[in-house]
Amino acid sequence: MSSSAFTPKNPLFHARVTESFDRQRAMHSLGIHIARLAAGEIELAMPYDEAFTQQHGLVHAGVLTTALDSACGYAAFSLMPAEAEVLTVEFKTSLLAPAKGERFAFRARVVKSGRTLTFCEASAFAIEAGAEKQVATMSATLMAMMPKPT
Amino acid sequence: MSSSAFTPKNPLFHARVTESFDRQRAMHSLGIHIARLAAGEIELAMPYDEAFTQQHGLVHAGVLTTALDSACGYAAFSLMPAEAEVLTVEFKTSLLAPAKGERFAFRARVVKSGRTLTFCEASAFAIEAGAEKQVATMSATLMAMMPKPT
Amino acid sequence: MSSSAFTPKNPLFHARVTESFDRQRAMHSLGIHIARLAAGEIELAMPYDEAFTQQHGLVHAGVLTTALDSACGYAAFSLMPAEAEVLTVEFKTSLLAPAKGERFAFRARVVKSGRTLTFCEASAFAIEAGAEKQVATMSATLMAMMPKPT
Amino acid sequence: MSSSAFTPKNPLFHARVTESFDRQRAMHSLGIHIARLAAGEIELAMPYDEAFTQQHGLVHAGVLTTALDSACGYAAFSLMPAEAEVLTVEFKTSLLAPAKGERFAFRARVVKSGRTLTFCEASAFAIEAGAEKQVATMSATLMAMMPKPT
């Protein structure tokens, strides 16, 4: 993921993504951080935290979705022009397997980057005893919001 | 929502739903509680909490989704037999408007209840100065897991 | 459905929708026509046709989706300005029950109409011996394409 | 696609898939055939046909979805036991680019195969002057229906 198939419109995308990510209070509260970042691609990491589980002690599907949504959003954002803001239009999450693990990885990539809309795909992986298992996938649509002309 | 079009298989569904909901640590951590419950229908309530916001101070789309997923899950669960467990298969969330409000309501209802699969729909509403605005919708598939015969 | 909660930007939306619908060759080939039309709402009708079935003789889920997509598209289009074109961004279809019927109705309505994006919901109903049964639902995102300034 | 990461439960899956596919009248009507088949993977092919276009002469999104749904269904079916039937639960289609081409390819693969549910992903490609372009993606859930015990 150090190189990428995409050419970013904003050469300073790395700083822009990390700065915006740091303003997402939800990421801090859930212990999510950026593990890797390239143009059009990102990986987020999250430890298991009992505070965000469902009734069987597994990570809540909505919490996985929170990380997947931020991953898709910042993969999309990394390709947008410097003045754009990013907005989630919709996403779908499929829950493939129980989210049981010590920590979790979320990998998103841009599938199609347009002027207004960006399509992304992402997967969530549970990591336990060094082994990685795919537990969820997301398909998402993001939108670039440009500042109004003055 | 005090009455409902559905006949629950488990007459004690109310106790069963609330007990399972109370075991969802994520609900406690996000401040979400059950506001209303009927067979096949539920309403959850959540206050605004800066700790779970995105980069513009609005509630993170994944946090709305966490509440919508639990709402769909427990609407489905309320119609399942006493020995079943409920599992989310997949959901799609559409973000209709910025999630700006003092508190939020999440209303889910069962659209089709089958032996194995249940389809639900849910909406999220932001409440500000007494006015309510629809900010997101969810369409979800849930699955009943029956205990293995011994 | 003769009145509606929406105010169309184009007072001649009825002519515009029917004219565009008539250019959809797929609608003719599948025998689909407009049964009702109001601002932000539409109903399409389709007879059962063995030529468009799956392996058990039921209407193919993709054919139901074709009608649901056109229904969502034209519900959205009815609220767009006269110079806009409509484009489907994405949709999700849930298959609630076997699509067994003599004919089918597809009802779509706009949930949120924005400048660029419109969110719609639609349902498919199978009609047999005068009884109507909901067999599928769609949640869709549509986009208004405005002509490039010259 | 001649080999595959999956071990089919039914060694005669190839005959089973092609036989069921041949019973899908919609595939014949749309001119869709199987181009390649392996355990858990399939490719379908479709020529451009003006009869199934939308208002701008492009292939209708619902027609692409019909092919993608059959592709996902048969990718899933290829891994199911001999006595199972396959049913679509839900799918989401994202429309990445205008479906403009002389012919189209639809590639589906199983992401997760469970006893009851199978998750698949598929892509649609437009082929024009020898060049291939991704125009749509699908994420789908399929269900195995087992015969009732007698």
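Just so it is clear, A, B, C and D label the chains in written order, and each chain counts residues from 1 on its own.
Throughout what follows, a residue touches a chain if its C-beta (ideal position, glycine included) is under 8 Å from a C-beta of that chain, and two chains touch if they have at least 3 such contacts.
Computed from a predicted structure; not experimentally measured.
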Of the pairs B-D and C-D, which shows more C-beta pairs in contact? C-D
Farthest chain relative to subunit C (centres taken as mean CA coordinates): A
Here the gap between subunit B and subunit D, centre to centre from mean Cα coordinates and rounded to Å, is 32
Subunit C and subunit D, separation of their C-alpha mean positions in angstrom: 23
Do you know which subunit D residues sit against two or more other chains? 89-90, 92, 94, 141
If you connect every pair of chains that touch, what shape comes out? Choose line, ring, star, complete or other. complete
Tell me, which parts of subunit B touch subunit C in their complex? 92, 94, 96-97, 111-112, 119, 121, 134, 137, 139, 141
Touching residues on subunit A, where the partner in the complex is subunit C: 89-90, 92, 116-117, 141, 143
Okay, in this complex, where on subunit A does subunit B touch? 20-21, 23-26, 28-29, 50-56, 60-63, 65-70, 85, 87-95
